[in-house]
Structures are given as C-alpha cells and as structure tokens.
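Chain naming follows the written order as A, B, C, D, E and F, and within any one chain the residues start at number 1.
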Amino acid sequence: MNILAIGAHPDDIEFGCGGALLRYSRRGDNVYLLVLTSGGYGADPFIRIKEQEDSAKFLGAKGLFWGGFKDTELVDNRELILKIEEVVRKTKPEIVFLNYLDDIHQDHRASAQAGVSATRYIKEVLFYEVPTTFNFEPDIFVDIKDVLEDKLTLLKLHASQVDKTRVEGLTILESATACATFRGYQGRVKYAEGFKALRILRDI
Amino acid sequence: MNILAIGAHPDDIEFGCGGALLRYSRRGDNVYLLVLTSGGYGADPFIRIKEQEDSAKFLGAKGLFWGGFKDTELVDNRELILKIEEVVRKTKPEIVFLNYLDDIHQDHRASAQAGVSATRYIKEVLFYEVPTTFNFEPDIFVDIKDVLEDKLTLLKLHASQVDKTRVEGLTILESATACATFRGYQGRVKYAEGFKALRILRDI
Amino acid sequence: MNILAIGAHPDDIEFGCGGALLRYSRRGDNVYLLVLTSGGYGADPFIRIKEQEDSAKFLGAKGLFWGGFKDTELVDNRELILKIEEVVRKTKPEIVFLNYLDDIHQDHRASAQAGVSATRYIKEVLFYEVPTTFNFEPDIFVDIKDVLEDKLTLLKLHASQVDKTRVEGLTILESATACATFRGYQGRVKYAEGFKALRILRDI
Amino acid sequence: MNILAIGAHPDDIEFGCGGALLRYSRRGDNVYLLVLTSGGYGADPFIRIKEQEDSAKFLGAKGLFWGGFKDTELVDNRELILKIEEVVRKTKPEIVFLNYLDDIHQDHRASAQAGVSATRYIKEVLFYEVPTTFNFEPDIFVDIKDVLEDKLTLLKLHASQVDKTRVEGLTILESATACATFRGYQGRVKYAEGFKALRILRDI
Amino acid sequence: MNILAIGAHPDDIEFGCGGALLRYSRRGDNVYLLVLTSGGYGADPFIRIKEQEDSAKFLGAKGLFWGGFKDTELVDNRELILKIEEVVRKTKPEIVFLNYLDDIHQDHRASAQAGVSATRYIKEVLFYEVPTTFNFEPDIFVDIKDVLEDKLTLLKLHASQVDKTRVEGLTILESATACATFRGYQGRVKYAEGFKALRILRDI
Amino acid sequence: MNILAIGAHPDDIEFGCGGALLRYSRRGDNVYLLVLTSGGYGADPFIRIKEQEDSAKFLGAKGLFWGGFKDTELVDNRELILKIEEVVRKTKPEIVFLNYLDDIHQDHRASAQAGVSATRYIKEVLFYEVPTTFNFEPDIFVDIKDVLEDKLTLLKLHASQVDKTRVEGLTILESATACATFRGYQGRVKYAEGFKALRILRDI
C-alpha cells in the first residue's frame, strides 16, 4: 500500500503522524512525504532540509518530495493544489495524511485546505494535529506504544526545532509524549496518535 | 472477529448497517444483533419479532438478543445501559454499531446515548443512520455494491415496515437505495453505507 | 419576483437548485443565472458555454450572466465580490442561491464565501449542495416531484458532464435522483432539493 | 392555515414568537397555543393561567391547550410526547413553533426535545428563543415592526412575570425590544423575531 | 471569594480542576466541594468517602457536601437540580465548576446538564474535563505549574482509583500529567488545566 | 497592562469592544488601537481617519496605529500578518481583541484569520462582534452599564457611519444599545459586551 503524508514544514508530519508512518513503513507499506516549504522562517533552510532528509531516512520513507513554497507564505490556491496533485499522481496513495483546517499557523490552514481539494479522488484522507491545531476532535486512533521511542527519535532529528515550542522549559519531545498519552487514553491504549477523517472507504 | 449491532427497533440495524454486516458475516466474522424493543408501536410485536428473526437468519447472524423494552419508551438510564453491557459482555465485540445521537425518534436518541456509555471499553464504536436521523455527517464509508440486493432482501423480510416511510409512494427499499447512492458518491463508490465514528482504534 | 442563482461552473446550479428554479420559473418568477467560470478544466469551454446556454433556455431563465473567471482559479477576493455585486445590482433578486462554504472544490468554497459578502443586502440567501459538498445539513426543502424529470433534462443538456462523477458506473442523473430521494424523505416528500439558509426574511 | 405554538410555561410563546403569531392571526390563520405547565414555580398558577388566557385572547388564538404538567418537572418521555401528539392531531398544524434544544431551563430542553419527536409528520417546525436560550443562531427572520407594540402588550398581560428577568432593573419588555432590534439588524429590518428551522417544506 | 466545584463522583473534581482549586484555596478563597454520589460502583463507598474527605482537607476546602445520589444512576431531573441549588444557596459561589455535557459516563452528562440549570444566577460557570469527556475544546487555561505536584497528591489520596484508568499500565497520575502538558501548550505554559466557559462575567 | 484592539475599519473596535476598552483605559491600563484600513469605501478616508483619531482620544487610547491597507481588499496573507505582528511587538499586549471569523464582510474575516496567526504568543485573545458577524456565541461578558453612554459617544464620533446600518430607520446607536441589552441578559447584567475567547490564560 502507498501512503502519502503532507506537511507545511519540516517536522509537521513527524509530530502529527510519525508513529503511524513508522508502523506502516515497518510492515512494508510505501511511505512518501511531501513537505511544502523548507521552513526557512524557523531556521536555516539548508539545516532544515538536511534534518528532514535524515528523518525521512530513519522513517524508512520511499520518497521525500519538496513543494518548494516559501515558509509562512502558503496560500490555498491553484498553484498549491496542482503541486499536491502532482505528487499524488506520482505516488498513487491509498491513504493521505494532512494538516488540519483549524490551526493558528496560516501555512497549516492553507496546506489542509488545498489538500482537501487535491485529494478528491483518494479513498482515505486523514487530518493530523500539531501543537498549533485547535478544534481538533480525533475519532481515529493508532496505537504507537511500540514506536513511541522511534517517533521521538524522528523529532530529535529535527534538532533545530526541539526547543521551539513557544513554551519555556518545554521540548517538542515532552509535547509529543504528553499528546500521545492524552490521545492514548481517549483511544483506550497507553500511547496513541489521533486522527480526524475527511473520508475513509473501509475495506471489509 | 465479533461484531455487535444495536438497534432500538426491528429493522433499524438493517437500514443503517445491514450491508456492512452482510460483508462481515460473509467473510466469517461473528455478527450479533441486539434489538432493544419489539417495535410493538409499529405493528403486532409477534410479527415484528418473527421478521427480525428471519432477517437475522438471512444475515447469517450468530445470535439475536432482545432488550425487552417497550417501543417508544426507551430512556437513557442505568437499566438500559446495564442491558447493553450484559450483551457486550456475552458477545465480546471488537466493533459495535449504534443508532445516532441526533434523531427525531426518542428511542433512537436513548439507544445511542446509552450505547455510548455501555461501550466505554470497546475499541471501535460506529454510529449508523436511519431515515429519522439528522445532523449526521459520516466520514467512514463501506462499499456495499456487492451486497445491495441482499440488504434490500433484509429490509423486505421486515414486510410490515416496507411501506411505513412517512412519505406517500415511497418504500423503505427506495429510501435505502437512494441513501446508498448518496453515501456512495460521498465515499467515491457506487453504493455505500456511511458511518460516523465515536472511536476507532485502528490496527496497523 | 426576481431570483438569482450563482454557480462556480456550468451545471452546479442545475444540480443544486435546478428543480426549485424550474418551479419558480414556471409560476412566473424571473430567474437569472450567474456562472462564474466556463468550466474549461472539465471540457472545452465552448462546449460548456453552449450547454449552459441550452440549459438556461430550457429552464426559462430571463438572463444568463458569465463571471469570466478561470476554472479552478476562483479566489474569495474583492474582484470576485464586485462581479457578483454587479449582477446583483442588475437583477435585483429577492432570493439568491449559492454554492456552500464546505466543499472539496476550491472554486465552490470561493464562490460561496464571496457570495456571502456580495449578497449582504439581500433578504433571502440560500446555500445549495453539489456532490462535492460536505457538512451540509439542509433545513429548507422544496418539493421537486413534479419537475424531477425536467431537472434531469437540465443535467442531460450538460452532456459533457453526465459521466464525470468520479465514480465508476455512476451518472450525474443517478446522483441527482438519489439526492432528491434522500432529501425528499428528510423533507417528508418523495423528491426534494435541500437548502441551508444563510438568511431568510419571511413574509407573513 | 393552522399554526401551533408550544411553550413550557406561560409567556414563553409570547416572548419567542408572539410577533409572528400576531401577524399570522391577523391575516386570518388559525393560531393554537399549547402551554405544557401552568408555571406554578414562578407565581400562583391561577394567576398565570388567567394571564395566559388573556394573552391568548389578545393574540386572537383559536384555542389554548394546557399540558397539565408540573413546572420544573418536564421530562422528555413518552407521556410528554403523547400529550403534544394529541394536540397536534386536534389542531392539524402546518407550522409548529417550539422552545429550543439548548437552554438553561430544563423544562425548555424537555419541551423542545419532545416536540421534535411529536412533530415528526409536520412539514414545518421552527425553534424560537427566550432569554435562557443559548447557542441559538437563527436563520429565519420575521419582520415584527408593525406588531411590536402589540407583542409588548402580550408580555404585559403576563403581569406577574414582567420584572422576573434575573437582571436588576431590566423588564421583560426591554429584553424583548432589544432582542427584536438585535434579530432585526441580522434580518435587515428594524424589528424581527429570529427562528431556527428544524425543517421547512417550502411551497413554491 | 466563594467557589463551588461539583463532581458526579469522588475524584472527578480533583482531575478536572484540582490545580485551579489549590491556587484559589491558597490565595485565600473559600473552596467548597459538592460530590453527588459516593462512587460505590468503583469501590467500597466507605473507602471513597474517606478518600474524598482526605482530599478535601489537603485541598484546604472550607466544606465538602454530598449529594447522596447513587453511582451510575444520576438523572437530569428536578431532584438533582434542587440538590445543587441547595448547595449553591448555602455557599453563594462566584464561580462554579461543572462536569462537561459530552461525556461517555451518564453521571457526568446528568451532572453537567443539571448543573447548567441550577447555576442560572451564577455569574461564572466553567466546565472541566475528565478522561471520559469528549468534544471538549477549552478556551480558558489556568497555569498549574506550581501546584502540579500537589494536584497529583490529591489524586493519590483517592488511592482506590489510581489504577482504574481503563488502560493497561496507565495510572491516573500519568493521565493527569499528560493532560496538564497537553492543555499547557495550548495555553502557552508548561502545565495547565483547560476549561470551557458556559458564562463568565468579567470584572474590569 | 497593555491591551491591543484590532479592527478592519474605523468604528469596528468601538462597536465591538468600546465599552470594555473604556473600562480598561479608565482604570489605568494602556489601550492601543490598530485599524487596518481607513474605511475609504464607506466615506472619505480623510473624514474617517479624523473620526477615528477623535474616538481614540475620547477613549483615552495610548496609541492609534494604521495598517494602511485598502478597504474591502484585506486578505489573510503574510503581509497582513506581518503588519499585525509589528504592532504586537511595539505594544506588547496582554490582551488582544479581534474581529470574528464568521462575518459577512470579507475584511472582517481576513482581519480575524490573520489576527489568530499574528497573536500566537499572546496569552489572551478575544473575538468581538459587529452587526455583520454571525455564528457568534459569546461566553465572556463585560458589564458596560457605567460606560454605555460613553460607548455611544465613541460611536457618534464616527459621525459618517451613524446612519449606515443597512436598515432603514435604524442608527448604529440603537444597534449598539440593543446589542448591549441582549448580551446583558445573557451575562446577567443590564448592559454588556459579549466576547468569545480564542484563548485566555487566567491569573489566579
């Protein structure tokens, strides 16, 4: 099965669905990443690109695509939709993971909104959360107990971002672990990632 | 895998998730039904019990449980919750199907609300729709193209209800087929049933 | 009474409110159409313009306006709002029909959003649905039993689009009929179109 | 046309839809009132019954029905639904007005919820607001400029309630006038009542 | 200032608003607790009553009231509302904390719903969350960094409940800490409790 | 304490939060205003700038900033976000007031959406309402009884706008007074402004 995860910036995907992707990747599914900007607003883009490449490798991703857009300047328009459609055509995913529509960061909103349009023929589209997401009530949970340590490794590979949490004394690793526990007890397991479905066509 | 579908009245389950149950049953899963009332308000309860038994048989259900409550008098209280918990304990389901919370019929509301409480340890709980449901925006779709005819047979087995649609000249068979097409194009297939998840713990 | 229906592409209006417009037109109201793009992404725009003209004629529309925007490139901005305002000024509608705000297609979102602003002085504004619409819970229903066949004729006149439903083996005619039945039983009639009001000032 | 307005207590109907009822009544429609309790918790029930009778007379109501339930003890159950159904059968309304589902007062919640079930065959059902209602976003507005003074008279006839607004120095008359202005500018007129439709089948 | 926290069972209050109450109590406000049932379904009620008393003492509560209702049998009715009103009259709170309306546990739903009615004259009413709460999107955050350890002590005093989390290997202490971190980064601090306001009248 | 109120046009701020700002200003807080356009679409911009300056002076504002954008052309993009961020950096507010996300006017939508992004590090962000706002359910209320007259003075200082209410015979002063009464009874006081929190970090 082919899976495509789309994020506005390096490390969005890892926080939101890194655990699920690790599980898909390790059971043999083909995981592809599309990162729409190189995150130049948060750190030197060369560093962030390298971090993303290392993370994609650790994740076992079959491919890493770059959108080539500018950090903080994503807009829900035809250009962005066409770029996502291009990668969708190349990777033929059965599942697509997207940023969520309600988010404090404008790039996340644009990425989500354009993703909804660009994935209109895909049978399963799931939204993930990052720390700036709001009004997010997941109903799909994935148990990530066995891969939590490796999910944290993915986040550590984005070394330039680990301490950029807007909160003094809080690392992204603590955020991700707390989020995993919080979504875990909602999903009735120790650690989980939570998703909200735009659309799932379930196989029986 | 064990699956439990719960309905307030005979034929709720068939309309809402009869197609999905047929697919589960035919691939070898154990399907159980819990019907909370015998629907005595809509027709002679003896007739409706017989219809439900025939339908359960055609569906290949492993068991049919009756709640023993009175039609139109279901209330979201401890007694109803305990009854559902009892059947949950007996059938050990991995998936439970429920009526939805927003519905014009008071029994559907009570059945849904009590079901939410009684299934608190179950890892997957899905709401289904019937014609009186409202504010229902499904995000989980099941392709029922191969079983649509048999779903209609299930509904025909509830012969006393086929013409009770509140709409002149409309049968439950036409309603179910239109609903399947409507949910189908939302789910990108010809015929589908749509569900809204209270909670899904997905296996990867 | 003057009525203005606005659609992002040729055939949006017909699917969403073609039945209601037929009824308004036939009782003597003046129906105007504003189609914002010529739908060049879905087929040759010359063909689609011709199809829309034929459909407007069959509908008995008093006027067909073109927005002149490019298919897939609609944006909720001043230019789009001004164009809609211009047609509102010309047609002085008492009722305006719009695409809905939650929709997979970016043009539908932009058309709806700009329409909300451009119709700020209009006393009745209703949203309609098309197959890509979501989170749409109509509370206004129009009985279209007597005009269903003619509504399907309107859709057939958009011949280039009849089979473009994203679903194998499904025509737009089947979609529209199923939708009419589905909304019908919600509205307690055999066939209906469903609308969601932004605002209705009711005459008593 | 027959119209039925249902309220949990004397004066609920007048605040929520007194203006619309005056307009219906004066153009010749048959307006019926069903008041579910005699409001004994707010004042002597004999006084409140008399006030309600006077108000019904001033309104030109064709009939005033009493539910006979106890103030503050309404419950959404079969007994309440059957009582409403009984009056629905007697009055054969084309429009029913109901309290709203989200309300601080338990009787309003029960009255609304039971009303949704009991009016399942009625083609138009509208929710109205009172001062304790919340999450109420009306989309149907009725111009009450010509009847505002008479609406205030209706409220004055409930003399025991005029100063019972929970707010020091505020009368129900000021509340109703402010509400009319507030809903008025939303509906683009000077004074309006706002309604939320459960379901409208519109005649064209 | 007087503050009243209401919970369906022993330890609901501590999980949901124990940190905020500790801060109120320590700056000199009068904190009162109302626990509606003795939680006899989760453990011996004598043990749970003792645990609650110890927790109230550690919290510095000025008073602990018991509702005397039976665990799992709370219903949103006049009896429950009157009990809450009685304690509201005795404690004259400026702030009331309540369970939330959407919750898997029926007692939490009833407690929240009845609380909404019983606190109708109170100027500030806040909903808190427990692990069974859903659709809860807080917009009010209280920094609990300085009292997190003591909040965990409150939960430890409910010793019979520490391991009853429905999740293998998860304690209520881990749940509460993860929740504090999750709500913390939403509120821009290290540890927070999140609340949703029914109504706040802010002093300036 | 520093407070920043942001509005798309002159007089948005005064209608939405003029009363609260008067109270903050008069107790000694530093109130800053950022008006994103000079409202040239509604009247001569020179007049509107002068009106806004007079209003800011009467309000006791410490500073009035202009965004320099064109009326009716605001877009939620990086340029707008950067402008707001610039004023946020200069004024270091503890509270920010914003237009609301659901609004008929495109500038209000853009202002709100961009404001959500630009205030991501601010601990309290509140949305206010104007007459074009919809789906606005405030849960934070500020008593403005003592400053209502002065709030109306603020609105009168925008003399070019007093009669521009879209409703014949209605002034902005009547709208504001009715809104204050309507939100007042929701907040249990005579006159109030209502707000919806994006995020409040409460000090205890």
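Basically, contacts are C-beta pairs under 8 Å (C-beta built on N, C-alpha and C of every residue); 3 or more make two chains touch, one makes a residue touch a chain.
Bear in mind that the values here come from a model prediction, so they are computed numbers and not experimental data.
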| item | value |
| --- | --- |
| Shared chain contacts [chain C and chain F, defined touch] | A, D |
| Copies chain D and chain E touch via same or different residues, half shared test | different |
| Chain whose mean Cα position lies farthest from chain C | E |
| Identified repeat of the D-F interface (over half of residue pairs identical), from B-C, C-F or A-C | B-C |
| Centre distance in Å when chain B and chain E are each reduced to the mean of their C-alpha atoms | 36 |
| Euclidean distance of C-alpha centroids - chain C vs chain E, Å | 50 |
| Two or more partner chains touched - positions in chain C | 121, 166, 186, 188-189 |
| Touch-based graph of the chains, sorted into line, ring, star, complete or other | other |
| Every chain pair meeting the contact rule | A-B, A-C, A-E, A-F, B-C, B-D, B-E, C-D, C-F, D-E, D-F, E-F |
| Complex contact set, residues of chain E against chain B | 72-73, 75, 104-106, 109, 132, 166 |
| Residues of chain E that touch chain F when the two form their complex | 20, 23-24, 27, 121, 123, 139-143, 186-189, 192, 196-202, 204 |
| Touch list for chain D against partner chain B, complex | 76-78, 81, 113-114, 116-117, 120-121 |
| Residue numbers on chain E that touch chain A, as the complex places them | 131, 134-135, 137, 165-170, 174-175, 177-182, 184-186, 188-190 |
